[in-house]
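Per-chain residue numbering starts at 1, and chain names A, B, C, D, E and F are given in the order in which the chains are listed.
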């Protein structure tokens, strides 16, 4: 049985494919602009993804949190760095962020285990 | 097995019935006021539902999106019109709207297929 | 089979335990500060929980609503008092709150039945 | 020269009069429903205004905060009770609420001085 | 002395010019994408601006409200049509929208008077 | 005449002093917790302030933006780094962020000029 995080990845991928079949150029362009925003610039992709994570958390969007968490872990962020991003989002956004923090910790546990397994391999 | 959108319709109906058993007049009046707001006026119900869809999307509420989408399709809005409403909501609300856009596209696919089947019949 | 509300309680408890394993002091302190806030002061815990419920509802957070509802019922709030809190949240936050109101009524039905059963016992 | 809080009162009054000249019944009805919501019920107006204050603060609306603060002070709430409402809003909404807390403390200082002067008179 | 709405127009123009001096392509592209979104499509610019107005109002952004109001009036929307858009935003967003509704009515009075004067000329 | 940004600094300072006269421990503790959050950790204060800026911008709080901008400039962030933070906030939060972006660019112009003057001295 797939882990809920793997289900999220598959659902997100399928959803984006469905959206991007559109002939509405505005929607396509915003998706493309979104992607470019996180590429290396004067700030590294790594730092940008931590910022995307913070923004997603204060706006309380689990799918956005999961996406940026996934990328943060891929970019080599440590557990402690990610938790400091969590802490910033929690202080900015208050206790209303807590349910999303619980979700984020579950996702993070999966992602760190997956990275450890891949590295070990 | 019912489609998730049909489950949403049933769950919404049952939920509203549960709420409206209340003896709290304020809650009942707001429900009634909400319903009246979208009736034909100097703006058509069709236009109002597209506006309700935009408002629901920028506020990132899937149940509200699904309800207004359902009504937009019933009111004869085309796929392209609805996608322009999506595009407006996406530019106003930014990438944080994307998970709701994915959801909306799934609902829209169901609703357009349902309308086509009904028309064909 | 457990009721969805009991699943929420278990999931919330497990999630908080996972979070609080952290060595990030800022996160732990905010959890602790959050808990203290609702203790009896010049306002009673009962009144504070009703305020927490209103705040959770206008911010549209189901887990937060469920938590404060649970505590409101434990604190002896009547159905009618809770519904007046619902009404305030609904007028402040508008129709976008309705899906959360439906959720809250389902949770409330469970909690009132549970309290009645416990009292009867 | 009028105090900024008195200017707020005048501006709010004039603004509401301008709005309520409308022939749009939906707008008028929502204003009327809003007013009724805070009347004494199974919860007192006093408690309801504290809840309205909390809701306004987590949603970060200075005009709404000022209106409910004004009414809380009229209803005889003490400084300490109002500060506990502030504390609840601050913990729920996080540091993003702080600029509104600063505003609220300025308004509260004016309102408590005004009440003391009126009582002394 | 300029009317506050004229000051808003000047401030907005100067602000956009300052922003668009940037060499950050992402920011420029989002501004350009924003502009294109409201052009005539299968929905008219007029309808899109009413949708932009609704979205701005439920998200409680006075500058955004003023911009879309200005364009709605330029596109020939009647007072009654605009008020139905206000009503939809008010029911969706609740009483927290009221301070923005007061602001919007002040702006609308200026814009309708300006249009009448221009038409009379 | 003081620059608007200097007025902001003075108003913020006076406001915080007014708040912190409180005997409400919860409020004081949250202020203290907020301050600690941005101290150097596994992430540098510099990176954390950029994250605070992003969070403030997507939540659309001018005072919070100004505070974090001020600190980002003090921490030595370049104009280009700050603009990449702006860009991330703009893509996440959408066009509703634009009025706050205009404000942020005005503040940034002041802060960079101030830093240049201080460095030159």
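Rule of thumb we're sticking to: a residue touches a chain if its C-beta (ideal position, glycine included) is under 8 Å from a C-beta of that chain, and two chains touch if they have at least 3 such contacts.
Predicted model, so just to flag it, every value in this text is computed and none were measured.
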Can you give the shortest number of steps from subunit B to subunit D, where adjacent chains in the path must touch? 1
More contacts between chains, B-E or B-F: B-E
Using CA atom averages as chain centres, what separation in Å is found between subunit D and subunit F? 28
Between subunit C and subunit E, what's the gap in Å when you average each chain's C-alpha atoms? 38
Find every residue in subunit B that makes contact with two or more other chains and list them. 26, 30, 33-34, 37, 55-56, 58-59, 64, 80, 84, 87, 90-93, 95-96
Among line, ring, star, complete and other, the chain contact graph is complete
Quick one: in the complex, what on subunit A touches subunit F? 33-34, 37-38, 41-43, 47-48, 50-52, 54-56, 58-59, 64, 78, 80-81, 84-85, 87-89, 91-93
Can you list the residues on subunit D that touch subunit A in the complex? 58, 90-97
Complex contacts: residues of subunit F adjacent to subunit D: 12, 15-16, 18-19, 22-24, 26-27, 30-31, 34, 55-56, 59, 61, 63-64
What residues of subunit E sit close enough to touch subunit A in their complex? 26, 29-30, 33, 36-37
Residue positions on subunit D within touch of subunit F in the complex are 60, 80, 83-84, 86-87, 90-91, 95-96, 98-99, 101-103, 105-106, 109
